Amino acid sequence: MNKTSQSLAAAVSEIGDGATVMIGGFGGSGAPIELIHALISRGPKDLTVINNNAGNGRIGIAAMIDAGMVRKMICSFPKSSDPRAFTDKYLAGEIELELVPQGTLAERIRAGGAGIPAFYTPTAYGTELAEGKPISEFDGRHYVQERWLKADFAIIKAHLGDRHGNLTYNKAARNFNPLMCMAAASTIVQVSRIVEAGEIDPEHVVTPGIFVDRVVEVSQPRQEEELIRAGVTYA
Amino acid sequence: MTSIAQEEIKLTNAQIAWRAAQDIVDGAYVNLGIGFPEMVARYQPPGREAIFHTENGILDFGEAPKPGEEDWDLINAGKKAVTLKPGASFFHHADSFAMVRGGHLDVAILGALQVAQSGDLANWRVGSKGVPAVGGAMDLVHGAKQVFVITEHVTKNGEPKLVEKCTFPLTGVACVTRVYTSHAVIDIVERRFVLREKLAALSVEELQSMTGAPLHIEGSVADLIVPEV
Amino acid sequence: MNKTSQSLAAAVSEIGDGATVMIGGFGGSGAPIELIHALISRGPKDLTVINNNAGNGRIGIAAMIDAGMVRKMICSFPKSSDPRAFTDKYLAGEIELELVPQGTLAERIRAGGAGIPAFYTPTAYGTELAEGKPISEFDGRHYVQERWLKADFAIIKAHLGDRHGNLTYNKAARNFNPLMCMAAASTIVQVSRIVEAGEIDPEHVVTPGIFVDRVVEVSQPRQEEELIRAGVTYA
Amino acid sequence: MTSIAQEEIKLTNAQIAWRAAQDIVDGAYVNLGIGFPEMVARYQPPGREAIFHTENGILDFGEAPKPGEEDWDLINAGKKAVTLKPGASFFHHADSFAMVRGGHLDVAILGALQVAQSGDLANWRVGSKGVPAVGGAMDLVHGAKQVFVITEHVTKNGEPKLVEKCTFPLTGVACVTRVYTSHAVIDIVERRFVLREKLAALSVEELQSMTGAPLHIEGSVADLIVPEV
């Protein structure tokens, strides 16, 4: 049992054209910038990307969009401090958008990971985001039926990881990452440090290794927000 | 008459936020929407401890750190850097929205484009142009025990924001419980606007003329008194 | 914000006749014996109790049943090393049983806590435990619609707790406890130690305080399994 | 003939468990049902590392502790005390069954009262008498990539346990993928029993006479060879 991968390139080597890819993070917090850039180097096309946002500036998911790799975004908030990459393509009709309320997005991903094909939520009832979806009444209140979300791959940023794939996260960089680990057929994780099995207290494991397929160490990960503020662009 | 009242007699945003803050009880779990609602945190009455929740997975965060001391893994839903208070906790997005949807928050405070007398809220999109973005607003309006709106009473063009029926795309149906405006405090009770407080300098008739649906009065209407803040 | 309670009796003082009460634990692991015994001293009747099991020996939930407090059990496995208390009443028709598969029980409780009134699961499809429940097909497979479970009260055993109600658990004593904390209108927790707010690392909090209403310290909690092995009975 | 074959030529439970253990690959995530299936853990081939899951919230637990060293907060689904291996983790019941239902387990190994050629399993209840108890069995049969059954080939009374249609209450529909019996290894493929291995001393006809539904043969049938264990 050794899920560690020697390089970023090796870690993303199976992600091909047409794949559905969940990408962790909320804005820059928990965004796996190094894995995303390795994926851009690899260059698969026609991807469906699931993330809370839709990229910022000229790095990360925005750089994927700039590179023409993304056919469709599934997200709750395709805006950021510099949303040009997505906005330009969206207004030109060159990228599809499935807009999902943030809590519904989180729950759909969890449902995908938990083997729950559909669930009911009050969120979006009576709004345009519920159009076409089945409505049911429970105990006198109306709810929208939402379906699970799954992916071929998840690209995740964590803090510590071991060869079993057990993970911890840094502060609010947890966000969507543990859920996406559960919902992808193959989960690829960059961690700040690979530790020995047993070094993470079993009580403190946030993502158990069963949800993880590959772990690669990026010891000084870059923070999207800092790169944006420094005006960095993906070369 | 109305235009003079609007321009000269009204609360500032800070004052609206202050007034809303007075209704947050000690120990309440509160989510403040991105932007204007975040201002409410500044005006917590002394001696009361509210616990602030942010959708991206923190309970009990505090003020912004000093410039240069930001940790960009420690942000709120508006992607602003925050700090932690003793007793804080981290959790993932599904647990975070379990708190929201499951009715565990006491209060959510949001901005509005329009609020209807039925409690319908429109606050995420003006029309069908541009890039739509919804975030957590549609989740927040369901689940919190009380959903407060803070808003100007009318738009910059003088049009009512409190209306019979929203014309902008809805965020949620029958979800708002109370509205704090630049001119009044209004509850939504059984699909009606019930006036609770108004600026003393304004008559009920003047306020009604700025409001797009009937204002009902049950018992007395208090003066809306807010300090300079 | 101070959720600590001075005594076990005070902690359970609001649980009255007819209440639905979730009781944490899996067998003896995580079972809040002291709170249960305080509840027996209080003596409300006609309770609906939700637990994975249905008591063991003559202590804990079994002693509640012996005392005639329980009208209905909702559980997955009403058997134990000494199941007489439940078995006798059940075979005599004096206690109702709603039998729920264990994973469905866990998910129904989580759904109750998460504001999800119903969800679909493959579990129990085609079996007698799905009789009368709506069936739907998703992607060519059949699923059973299950409803959320909520309770008026949850009685929980945790390890550390603070005045905000933040909790950690001991090893596998976690089990149903964090879920039940979410799903009850009022959650009452016994902890081995009350610590200062901030002493539990925010990364290590398992149950955030928002799900907890009362915390009472029981510094040397008894373990159900050890009491059973010692032949202890509730006096 | 058949009764002699049954009594004299058959694997012990330990040998059935040994045979099933040989099919667990390195790195597999495995759930072993309470009782007889737990025995499989003893016979992991050297050099292979399986990770055992228990419904009550542990991954990678190990053997029982020495008597007197039990921690009764550290138990498996059968309420037996266990130990941890390096790399273990704890999680709550909803996450535990997300692993099950979500298809994250590679193998679940369960006992059986009856297995039908369709893959239907009956293993939780004989009839409608007594106290019913289901535990996690109905969840485990859906989700794991492979669902193995280990069982005697026939009941103590000599009645087939592999049948056309289960007569006992079902645990799950079309869920079993492979059956390890005291006499054979049988896959379930497209609602048919396909014989893969049988004891060398037993003819296909003899095995068929002990089986309640047709045994199909695709290619060759290997000898079921198991050491003394």
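By written order: A, B, C and D. Residues from 1 in each chain.
Going forward, a contact is a pair of C-beta atoms (placed from the backbone, for glycine too) under 8 Å apart; a residue touches a chain by one contact, two chains touch by 3 or more.
Listed by chain with UniProt protein names: A, C = 3-oxoadipate CoA-transferase alpha subunit; B, D = 3-oxoadipate CoA-transferase beta subunit.
Here the structure is a predicted model, which means the values were calculated and not measured.
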Pair joined by more contacting C-beta pairs (A-D or C-D): C-D
Cα-centroid distance, subunit B relative to subunit C, in whole angstrom: 37
Rounded Å distance between subunit C and subunit D, as computed from the means of their C-alpha atoms: 30
Centroid spacing, where centroids are CA-atom means, of subunit B and subunit D in whole angstrom: 57
For subunit D, residues that touch 2 or more chains besides their own: 58, 90-91, 94, 97, 100-101, 142-143
Two or more partner chains touched - positions in subunit C: 107, 110, 114-116, 121-122, 169, 171, 202-203
Chain-to-chain touches, reported pairwise for every pair that qualifies: A-B, A-C, A-D, B-C, C-D
Subunit D contact footprint on subunit C (complex, rising order): 26-30, 52, 76-81, 83, 86-87, 90-91, 97, 99-107, 109-110, 121-129, 169-179, 206, 223-226
Residues of subunit A touching subunit D in the complex: 1, 110, 112-116, 162-164, 166, 182, 196-198, 200, 202-203, 205, 208-211
Residue ranges of subunit C in contact with subunit A within the complex: 107, 111, 114-122, 136, 138-139, 141, 143, 147, 168-169, 171, 202-204
Touching residues (chain side subunit B, partner subunit A) in the complex: 54-58, 71-75, 79, 90-94, 96-97, 100-101, 120, 130-139, 142-143, 169-173
List of subunit B residues in touch with subunit C within their complex: 26-27, 29, 49, 51, 53, 58-60, 84-91, 94-95, 97-105, 142-143
